[in-house]
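The structures considered in this document are given below.
In what comes next, subunit A is part of two complexes: it sits with subunit B in the first one and with subunit C in the second one.
Let's turn to the complex of A and B:
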């Protein structure tokens, strides 16, 4: 069976490599892709949208439908993970571990649903808890705000530099994931709860679709940002640039929310009692 | 584009890919996937596709490695086959 698999892989791989010989040369200016469409974007994206980064102009303006449904796909992925993993049932056998801080003794308490998570004497810990986590806590606590600021910069500066809503959203979510790993899942649930993460992602998708609907209201096609000039009090070109920013913020919110939501579900296998 | 760097990265990509399918310990495989994504990110950056490289670095090498490790942590660490 293994030999058949290897033969199939080798055959299909060699066919693929053979077919790449038909590709145009890397960066060939006369290849079909570079003769019609790319030329239009390179020449017209600046006068059309006043966005220096052509990739952003294409993704959020010319190919806006594509990006909208990409965001929806991310949201659907989060939703699928939630529906598969989320476990609302509370088992009766459930126990919690509490550490008595002055002595370092760990207590295992059954049916501890109505006990407080943290008191001055007792600290609730995970079964994977290890002592001496001061260095990781301090280091990640220091670095998390800088990651968040960088994420906001990436979202806001997508017009001029590489990046945009998607990357910025992922980095913003990753900051919270780092916090949840270095502290604990319960600490991060206090800061951004499951509900908040879900609402963030829904609002993000709604902002994107809402921008498109606004364009319909002002008498042009769905996601044709030029008509928003009437409410933004600018010319159509700057209106397109501004609408790209709105859309990027929507994508960023959606992706950040979904990343946090996915992490909560996967790391606690849907129970939300303890993380990694 | 400096072709020596290109060749080194492509060879690394192939070595990592072979490592991913042959290693039994799933935790190492998760880390290797991160390394694979990072090599692909370098390739995109060399080819001038900076936006794609940025996405690959943040999604492929960053968040998806965390998700893989979290999933392995909650299931089992060794591969059966």
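Let's turn to the complex of A and C:
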């Protein structure tokens, strides 16, 4: 079985390398991409979409299918991680550790399944538990709102500067992961539960595909945003610009949700009851 | 103006050089964190101050806003970099690393 796998990899790899021999020279000014496609994008992206950033115009409008399935790939990656790691079986734990908060004494309690996690006097802790760290928590509490605002800026400003849905979503997810690291997994699950993270990522993908479907309903091709001018009360060019913003918001939601979901699964190895 | 820009840039480079030499030359984990955290933060302050000063050479609102953003970078680095160093040192101590002493 292993030999078959190696042979398949070698064969497909050599076919790929063989096919690159037909490629045009690196940076060849006479290649088809440089004589037809790039020229079209550079000349027409502003009058077509009124988006100054050509990269955004290409990714979210001209090659919108590609970006849609990229979002789907990220969602599938989150789903694969979930299916591999999530542990649904509630294994009976032999004991749990409870910390008495006023004295700092840790108790080991057997058959602790029906005890609450947090009470006024006792707190369930992990074997990797560390005491409250004032410096880390204060600093990350100070910095997290700024990172989130920056993430929103990156998503909303993708028309004019580098950035867009993917980058903004990752920054947003990273801000929440910073919070989860400096506090604990249980605290962060209270704010964004597993369900919320999954719904967030699903809604993101659906916003993208839904924008495309809406175009279909208004009588043009899938993801041809020009026809959305009828419901946005603008001309088709500004409608494209606005629809790119919708699509970026969808991508951002999906990526942020998947980032948080991946972090939950990996940090607690799928058990969700303890971890960082 | 240019004199101050060059002076600040050189000062920043001096701090960065000190930090890099310190990371290589110091004997153990905790002492190496010291130049990595402190000197880089200080070097960043000087180099970024020099950049923002150079940027407002012909003063208008646009350049002023860009310089303000550069100053914001310094402010955030001043919050995050020492915190990160603190957290790493804390984790090292909890993991059981013994601080270096000259004679055992």
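In this section, the second predicted complex is superposed on the first by the 239 of 276 C-alpha atoms of A that agree within 3 Å, B and C clash if a C-alpha of one lies under 4 Å from a C-alpha of the other, contacts with A are read in each partner's own complex, and residues count from 1 in each chain.
One rule holds for everything that comes next: a contact is a pair of C-beta atoms (placed from the backbone, for glycine too) under 8 Å apart; a residue touches a chain by one contact, two chains touch by 3 or more.
Computed from a prediction, not measured in an experiment: that's the story for all the values here.
Chemist: Let's test your reading of the overlay: on subunit A, do subunit B and subunit C clash or fit side by side?
Modeler: Fit - subunit B and subunit C, as placed by superposing on subunit A, sit side by side.
Chemist: Which partner, subunit B or subunit C, touches the larger number of subunit A residues?
Modeler: Partner with more touched residues of subunit A: B.
Chemist: After lining up the shared chain so the two structures overlap, which partner does A:163 touch, if you call subunit B first and subunit C second: first, second, both or neither?
Modeler: first
Chemist: Could you tell me if A:252 is touching subunit B, subunit C, both of them or neither one (first, second, both, neither)?
Modeler: So A:252 meets neither subunit B nor subunit C here.
Chemist: Applying the document's definition of touch, where does A:204 land relative to subunit B and subunit C: first, second, both, or neither?
Modeler: neither
Chemist: Quick check on the superposed pair: does A:78 touch subunit B, subunit C, both, or neither? Answer first, second, both or neither.
Modeler: neither
Chemist: Touch test for A:236: subunit B only (first), subunit C only (second), both, or neither?
Modeler: A:236 sits against neither subunit B nor subunit C.
Chemist: With the two complexes superposed on chain A, say which partner A:173 touches: subunit B (first), subunit C (second), both, or neither.
Modeler: first
Chemist: Once the shared chain is lined up, is A:26 touching subunit B (first), subunit C (second), both, or neither of them?
Modeler: first
Chemist: With both complexes overlaid on chain A, does A:226 touch subunit B (first), subunit C (second), both or neither?
Modeler: Touch status of A:226: no partner.
Chemist: Considering only C-alpha atoms, give the closest distance between subunit B and subunit C in the superposition, rounded to the nearest Å.
Modeler: Between subunit B and subunit C, the minimum C-alpha distance equals 13 Å.
Chemist: Looking at subunit A, which of its residues have contacts with both subunit B and subunit C?
Modeler: In the superposed arrangement, which is not itself an observed complex, subunit A uses no residue for both subunit B and subunit C.
Chemist: Can you list the subunit B residues touching subunit A in their complex?
Modeler: 47, 50-51, 53-55, 58-59, 62-63, 66-67, 69-71, 73-74
Chemist: Touching subunit C in the complex: which residues of subunit A?
Modeler: On the subunit A side, the touching residues are 130, 133, 135-136, 139-140, 142-143, 146.
Chemist: Which subunit C residues qualify as touching subunit A in the complex?
Modeler: Going by the criterion above, the answer is residues 76, 79-80, 83, 86-87, 90, 94.
Chemist: Which residues, counting only subunit A, touch subunit B once they are in their complex?
Modeler: 26, 53, 55-56, 162-164, 166-167, 170-171, 173-174, 177, 181, 259, 262-263, 266-269, 276
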